[in-house]
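These are the structures, in structure tokens.
Note that chain A is present in both complexes that follow, paired respectively with chain B and with chain C.
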Partner chain A sequence: MELLLFTAKNEVMGIESQFVLEILEDKKVFPVPLSPPPLAGHLYHRGDIFTVIDMGILAGKGSARLTGSRRIILLKWQDKNLSLMPEAIIGLACVKAEPPPASVVWKERPVRILAPEEIWNQFDIVSNFVVSAGLRLTA
Partner chain B sequence: MIDVAKYQKIFEEESEDYLQDFIHLLLQAEKDPDNKSLLTESYGKIHSIKGMAKALSMERVIALCQSMEEQLKKLQAKDIPPTPEMIQSLLDCADRLKAQIGKGEEPAEEVGEIQYIKVRSAFIDELLGLTQEIILHEHKIPPSESYLQSKRLSAWIRDYRILLKTLHFRMLRLRLMSMREFADLFFKVIRDLAKEHGREIDFEVNGGEIEADVSVLDRLREPFLHLFRNAIAHGIEPPDIRKQKGKNKTGKIVLSAFRADDSLLLKLSDDGKGIDTAALRNFLSEHKPESVEDLKQKADSEILNMICTPGFTTVSRTTDTAGRGIGMNVVQTVLESLGGGLTIRSEKDIGTEFSITLPVSLSVITAIIFEVGPYILAIPTPYVMGVDYLAPSSSHYDLGSLLGANSGPRKDSPNGSWIIKVIQQGKEMGLTVDFIRGHKEVLVKPVGELLKKINLFSGIAILENGDLAMLLDVDNLPHL
Partner chain C sequence: MGQTSIKNRLILCFLILILTSLLVVAGVNYFISDYWKAQAISVAIALGVGVFLGRAFSISFARRLQALVSLAQNVSLGDLTQEISVRSRDEMRDLEEAFKKMVYDLRQSISQVKMASLEVSKTADKLFGQVKKLRTKSEYITDTARIIAKGSEEQSAIARKTAMSLEKGLITMEKTANKALATASIADSAEMKTTEGELKSQSSINDLRSVLTQLDESSQLVYKLGHKLEKIDQVTDVITEITRKTDLLSLNASIEASKAGEYGKGFALVAEEIRSLAESSKDSAGEIRTMIVEILEDSTTVLESVKLGQQGIENGRKEIETIGFLMQEVLASVKQIVTEIREFSAAVEHQVGEVRQISEQFEDLSKLANENFISTHKTLLATEEQMETMQDMFALAESLVAFYRKLDETQKQFRLSLE
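This part shows the complex of A and B:
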């Protein structure tokens, strides 16, 4: 299994490279009002709109937006897409593990392996919580 | 040498018209079985298709036409009125004939050219998105004195832009569907509903050549199905009642389409019993909080629009087709979500007319683009009454506060604020914003699953320079 490794607030995370569409650099991200904290915004690329998730905030590593992050990982799977804003991209690593575990060790550091669907669901749960906590707006 | 491909195309186009006429004639014959001329005309249509098929040696089409002609001849010879089963059999044959002609049945000697292919509309959307991005990318050419001074390069860039825009325009046309094709979706349904309710219905289409974006028409399928059900179950009277009223025993439903600038106007009318507004007022006074006096003050048009409120129904029992009290509200909700509107006119014993106004395309709209704090937002033009620059007032709605934006008068406009006057559910309100970018045409994409819950945005607008603006859903702003 080949993983794309990246960091977010000192945690190393990995995602299977088969889901990675492209890595963008210096792409403008447009913020969305009243969105849940992990949502950094949206971007437009090759005719598609990608929601950009701040991986530091989603991973529960505080509420400060990742700064200095210039690269964005575009993911595509089934009929969904998503993009991740990491702190830094480390590179690719091969892991011999079937089925993929929840975490592996890479250069003596634990790596949390994430599936795109898991990130999507986690963000969805956060959105639901934020909206039901009173930020929902209805006429 | 005969250009088979060319004649094949002509054959398909003409056969489609003949088959449509044939189906309409059969449906009329079913309602008027004593009218022999309808069967004669029907025979003529199939005979014409057979003649063209012979020229192209399309054996299977010829055989099917022959079989249909024989069925029609038998009916004419026996001088018996066609039964519903016979009509159904001929309609089924027409469906098979349509499928065979559509397949482009090959002549014995050679394989015909492929004329048409089916394309997923999602794929067309993808191509449209890419075309749009190419146009946007072109705007990002880094400025360079050398090419600005080069006449040949400037001319090349000018031609390139024209080609790109032409490509984009042609791609947008791929998404268009005619109102005739849209109406064809309902012919059989109307016939089946009419049989179920014991009605006789003529369905007419005017302005069938008018085209609209398939994404708009696709969203209209369910609302129109509901309107047809209502017209047949509640509007058009049974034939005997209609005769007693001095009307033609066959009721009429007419779908008319018009274009006006960026709008599509659809009218669906019937000549049924209409909606009795006096009875409606009485019903509302018993079931709604308004008093009899308040209801008397309202115009008929206001009273009629109240049938679109949730839960409204006056029928004492529901059927599979109508009377559940959810339909008209859903119709209005769908239309409003498309940026459209609905008005109802009705007169007792004369009929009812639903007028629907819609944007021609959901993909491209015009909107006012503005900024509030770090956010770029847009409001579709139909909702905007005007834009002004005024001193801030408590009567205006501070959009920055609502959105949690650190906004306020910009350094370049310290003495006032930009106010966008919008219409929210019939009432005017002023929104204070930081800066107005302009009035522009934008490409619209859906909000997406993850952000639908925020409930404040109806879409994402892609601006000409590639920026993204959230499309504000004015109706969902909290009321002042």
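This part shows the complex of A and C:
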């Protein structure tokens, strides 16, 4: 199992590479008023709208946008679009575990493995609203 | 009336006695026949007549002598009021007249002596008063002479001290004159050195100008280096951007390769290598950037130093120019000082001559004051002697007054009139 490792406020996180669509850099993010704090906004990429989650805030340690590398990880699975705004991207790492555990150790550091579905569900209402609104706009 | 003498009277008395004796003898002889008897009676009668006549004569003579003796006694007692009646015409008259003249002369003399003693008394009183005043004045003169002597002594001492001080001052002034000459010589050398300094300051200004030009050239080179470094920095930015994009690209490639499973492993390796290469390039670019930043900082520091150096040299040039102007002013001042020192030296020499003259005059004055002191001392001694003489005169005046009193007492013993 390949994990894309990244950091958010000194916490190493990982996500399965199969969910990763692309890594973008310097992509414009449009903030959404009255949205919850981890929801940094939305971005538009090649005809799709991605909800951008600030991983620093999600980790409960402040925004990663202010100190990060301006890179955004685009996730796509089952017609769901989500993007993560980490602090820095470490790279790919191979983990031999099926099904994926909640956390692994990489180079003596604990790695929290994220499930895109859980994040999606956490922000389901807003995402659905925005996504549906985006779909309407694109339609 | 003719003057008779005692001798004539005695002769007359003797003749009368003889005549009487003859007459008696004749009468007795006539009446008495006895010779011896007659002789005895004649002798008796003759003796009786002789006694009578002698007595009468001696009485008249003794009475007048007695009167003269009484007169002489009264005169001896100071009674000059006695009047002598001159009645006889014999030698006693001469005596009486002599006595009378003597009393008259004595009276006149005593009167004159009295008058003279009165004059003497007045004179003695006046003399006493004058001597008293004179003694007071003499005492005042003595005191004044003492003060003058003391003052003269002090004056002499002061004159000596002043002469010594003038001599010392003269020595000091001579030293000052010598120092002024030495200072004039030093000022001459200072003038020469100031001229040299002024020339050297001009030379320094020229050197500084060339240094400034060189510094300008160096700073231009540093500016050019800075521009080149900025260009390198821009290139490094491009490299960094390329490495970043390469890194991103390799990362996405790795993700795509991982999605391809076993088929993408080779591509994943390549992508990983490219990514590590990009990372290395990024690190190298970062190092280059760090170095460029450091070089830029150093060049900025160098530029600032050069600017500071330029500013400092410019300030130094201005300062040296100011020093040059000041040196010119100092040179003018030194020339003026040299002139003034020479004038001062001449004035001091002139002053030394005058002070020497004054010193000589003061030495003369000191001698004069010394002589004055000796004269004053002599005057004091003379005044003291005069004072002693005054004391003697005072004593003499006192004795004169005492003598007058005695004389007056003696005069009072003489009665010159009946009052």
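The rule is simple: the second predicted complex is superposed on the first by the 115 of 139 C-alpha atoms of A that agree within 3 Å, B and C clash if a C-alpha of one lies under 4 Å from a C-alpha of the other, contacts with A are read in each partner's own complex, and residues count from 1 in each chain.
Note that in this section a contact is a pair of C-beta atoms (placed from the backbone, for glycine too) under 8 Å apart; a residue touches a chain by one contact, two chains touch by 3 or more.
If you're wondering where the values come from, they're calculated on a predicted model, not measured in any experiment.
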Winner by number of chain A residues touched, once chain B and chain C are compared: B
First, second, both or neither for A:Y44, with chain B first and chain C second: first
Contacts of A:W120 with chain B and chain C, given as first, second, both or neither: first
Which of chain B and chain C A:V32 touches, first, second, both or neither: first
Overlapping contact positions on chain A, where the chain C interface meets the chain B interface: none
List of chain B residues in touch with chain A within their complex: 125-133, 372, 374-377, 402-405, 424-425, 445, 448-451, 453-457, 460, 462, 466-470, 475-479
In the complex, chain A residues that touch chain C: 2, 4, 17-18, 20, 22-23, 25, 71, 89, 91-92
Chain C residues touching chain A - in the complex, by the definition given at the top: 244-245, 248, 251-252, 254-255, 258-259, 268, 272, 275
Contact set on chain A toward chain B in their complex: 28, 30-35, 39, 42-49, 51, 120, 123-124, 127-128, 131, 135-139
